[in-house]
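Both complexes shown next keep chain A, but they swap its partner, so chain B is in the first and chain C is in the second.
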Partner chain A sequence: MPVLTLREAPPERLDFLAVNPLALSGLSQGDAERLVVGTTRRGLVLGDCFTVALDGSDTLTIAGGHERLDRVGAAMSEGAIRVEGDVGQRLGAGMAGGSLTVTGNAGPFAGSGATGGTIVIEGDAGDHAGGAVHAAKVGLDGATLVIRGSAGDYLGDSMRRGLIVVERAGAFAGARMIAGTIAAGTVGDHPGYGMRRGTLVVGGHGSLMPTFVETGALDLVYLRLLAKSLRPVSARHADLLANAPNGVPKRYSGDLATIGKGELWVAA
Partner chain B sequence: MAEMTHLTLNGIPVEDTFAEAFDVAGTALIVTNDTARWAMIAATVMTGFATSVIGCGAEAGIDAELSPEETPDGRPGVRILLFGFEPNGLKDQLIKRVGQCILTCPGTAAYAGVDGPTKIKLGGAIRYFGDGFAVAKRLPDETGKLRRYWRIPVMDGEFLCEDFVRAVDGAVGGGNLLFLGRKHADTLKVAEIAVEAAAAVPGAILPFPGGIVRSGSKVGGRTKGMMASTNDAYCPTLKGRAGSRLPPECNVVLEIVIDALTSQGVSDSMRAALHAATEVGAAHGLVAVTAGNYGGNLGRHHYHLRDLLAKEA
Partner chain C sequence: MAAWVKGGATDADAAVMAAARLLSSAHAPVFAGLNAEVAAIRAAYDLAGRIGASVDTAGGDATYADLGALARVGAMQAPPAEVAGRADAVLVVGEAPLKSPLVERLRGTKPVRGRAAGAERSIHHLRSNQDLAVQIAHLRAHARGHMTSDAGMAETARAMASALYGAVLYDPGELGTLGIEMLQGLAMDLNESTRCFALSVSDGTQDRAALQVAAWTTGQATRVGFGRRVPEQDPWRFDADRQARAGEADAALWLASLPTPRPTWLKTLPTVALVGADAAPDLAEVVIRVGEPGRETGGVLWNEGRAGLSYRAPEQGADLPTAADIIARIAAAVAGRGAVAGRSAVANSEDA
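For the complex of A and B:
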């Protein structure tokens, strides 16, 4: 298993776009150490901050993360990356496949534009997790993003497809959603702000916008399929639907300021 | 019957001939409901008026009842098989039947029931009933494969329907057996037992009423323009005329017709029916068993009764 071991805190933000199992598998030890990861004129290379040990396998471990490691696993298409520690912004951005695990916290824009694969953040995620970066049309675009801790505001902003499972999210979760699914233990104020389509499943929420209307406690067949698809990712979130405290979760339809084809299911 | 070469199974003469069957387009649909009763109501209605592809546009039947563990949404279900001449005709019938019989039936949802090379749009067509309010949702099934569903608002909530189903290659329609008997009630009993055995084969259905057809046909007729007309050779009231194939003691002929998703399914189903019928044949005055064909030039699939005499393939 190739291992990158952090020697000391990076002196600047690092861009890990080019550091993934597939890219490293074709490189010699020396070439890998000379990969440019710096983002200033200093020309920082991988070997400056990390001890590099390669063996050609498709699971890369980054032993010792840091909040300055940006774009870890970005655009990766296969293999696995495990980060023991924190990462910076845009974790797994544009990722197409494979799996990405972070044992610590992630910065903003985790999973932005990711079309496939699975991203697991065992700690907390910053704002805009699964959200669109500025000027981008879509956020999460088909991948699965699991956040075991809390996510910041604007979780899944403009997400287009895929699944986000989170324990707690801040305000404006699912804002401007185009489609897709977000399941959250709780969300903050104004969930689904400007959402067009898509599904939010929550255990609890902050204040709702007046452009969300209650459509009743509906026992739809769709909920069974959704719960079944959530169960392998998180049984607890599947139970928000399958074993809602009041039998059937309550449904709100919105955001009626847009085409209003989105929905918010509230288990409590 | 004098010219017939007879084989024997369980003491019943079996004519040494073959059933002639055709390549058809076939698909399967799973319908589910909150109760098995309502799933069966939906399936029964959808497979109504589907005895013959010539007159009904499709041949359809109920393949199996499914337990909640066997269906995509964990509710009781029924697997329906639908056959047509070609995929386009099948699509037309599928959309009409789902649109009129499944969409309308309280609580029912519809899913693709078989994998195959040809896509047939289903939910993607019926969604227009939703008048722009329908939404699609792509969710992984238990194998992780993404499947797309349409959720169409209806008055009891939503009609959930898979985006498309698939037609299989190699479906066969028209496997058959004819039971020549003495008394109507006895022969009907023999045919019923044969139907039960034939229908138990997975992926095979018998589209006629109760699986049995009394009006077997031949190609063409004496009236100009008739595509098919009564199989006069097997009509007891026409016994004794030139061309009659019935021995004097035979007073009734009933036929079973089998469609299946595979040729093996037709063959297995015919084999099961032949054995079940001949086992009870002696007690019910069964005179002989034969099969219908058109001389072998119309259908690609020939099921020789000689090959079905062994209990196992």
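For the complex of A and C:
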């Protein structure tokens, strides 16, 4: 298993776009150590910050993460990366396949534009997790993003496809959502701001938008199917639908400022 | 010329050399403020490209709130002169736009051209008694006919829909990207049946001049970094305040030949400050007094009324250098030290 071991805290933000199992599998030890990862005129290379040990397999371990490691697993299409520690912005951005696990916290824009694969953040995620970066049309776009801790504001902003499962999220979760599903233990104020379509399933929430209207407590077959698909990812989130504390969950429809075809299911 | 290095008065040459020394020995310098005339902003971009600095502006958050919405959904935007000349209904969103002299001008005049010429002008106000972005969404839901529950919102929506030429004034920093995108959606919805345009009220900085320079220099907006030689735009990474807080920037050039609120990091980060009349010895490690464009020196500035760049002649003669001159002298001194972007160049400058 290839292992990159962080020797000391990086003096600047590092860009890991070119560091993934597939890219490393074709490189010699020396070539891998000479991969440019610096973002300032220092011109740092991988070997400046990490001890590199390669064996050609498709699972890369980054032993010792740091909040300055940007774009870890970005554009990855196969294989697996496990980061023991924190990462910076754009974790798994544009990822098409494979799996990505971070044992610590992630910076903003985790999973932005990811079309496939699974991203698991065992700690917290910053703002815009599964959200769109500047000028991008969409956020998460088909991948599965699991956040075991808290996410910041704007979770799943402009998300178009895929699934986000999170324990707690900040304000404006699911803002400008185009489609896809977010399941959250709790969300902050104004979930679903400007959403067009898509599904939010929450255990609790802050202030609701005045442009969401309650459409009843409904027991739909679709909810049981959704719960079934959530269960392998998180039984607790599946139970929000299948075993809601107050019986069947309440459904709100919105955002009526747009076409209003989104839905917010509240279990509590 | 007034100049100070570490609080002590010095001459121009010594200050320029100190500035060049400070900037050329840095690994990740930040150029911030850019509240200055176009020539100075151009010179700053040139120097930033040479030494691998990143660039941000004094009003970066507000600028990117506007740009974020523009890049996603476009904009129905009108300049102030058009709004004053044509609008028969104006909606002021939030409190910040009320500080603009444009609002008083709109209150005191009538539309004089276009479809609404000669009509009375009605001014409506959306107060920020709760989240403004949420209120705009609420208004848009009423304008689309999806909601009728709030009488005030319904009345405002009716007034804008029945106008011949509506205008919506907002402050991008107060409203934020989500609210601006919603507001642009409202303007686009209204344009299905009448005319309606948004007008982003500037915070008075030269951010829009910097945007023009950034566009023709890099093909991108501000918040660009040259650390990897090619310009990279990343509004999160190159936010100067964030870089200073995170300890990523190791030196700064603060360019503010016009009066500008100062960031808190100015005294904690090794900084070269090029400032106008509010220059003071303890402002930064190196402080150089430059002429204020439009008052002490001539310069091309953003003209808010015309929404374009125009030359402003000095109001009074002053024996002060322009910020562009000083930056060009710093650039020449930096080049003399061999400090241009790249790993070996930094190593060389460290050896020196």
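In this section, the second predicted complex is superposed on the first by the 268 of 268 C-alpha atoms of A that agree within 3 Å, B and C clash if a C-alpha of one lies under 4 Å from a C-alpha of the other, contacts with A are read in each partner's own complex, and residues count from 1 in each chain.
Heads up, the rule we're going with is that contacts are C-beta pairs under 8 Å (C-beta built on N, C-alpha and C of every residue); 3 or more make two chains touch, one makes a residue touch a chain.
The structure presented is a predicted model; accordingly, all values stated were derived computationally and were not measured.
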Given the touch rule stated above, what does A:N243 touch, chain B (first), chain C (second), both, or neither? neither
Which touches a greater number of chain A residues, chain B or chain C? C
Can A:Y193 be said to touch chain B (first), chain C (second), both, or neither? second
On the A-aligned overlay, A:R13 touches which partner chain: chain B = first, chain C = second, or both, or neither? second
For A:K228, select first, second, both or neither according to whether it touches chain B, chain C, the two together, or no partner. first
Contact residues common to both interfaces of chain A (with chain B and with chain C): none
Where on chain C is chain A touching in the complex? 27-28, 51-52, 64, 67-68, 71-72, 131, 133-134, 136-138, 140-141, 144, 146-147, 150, 178, 181-182, 185, 225, 227-228, 233-237, 248, 341-343, 345-346
In the complex, go through chain A and note every residue touching chain C. 11-13, 38-43, 68, 70, 89, 108-109, 132, 134-135, 137, 158, 172, 175-176, 189-190, 193-194, 209-211, 255-258, 260
Within their complex, chain A touches chain B through residues 161, 181, 197, 199, 218-222, 224-226, 228-229, 261
Chain B residues touching chain A - in the complex, by the definition given at the top: 32, 72-75, 107, 109, 133, 135, 137-142, 149, 151, 157-158, 160
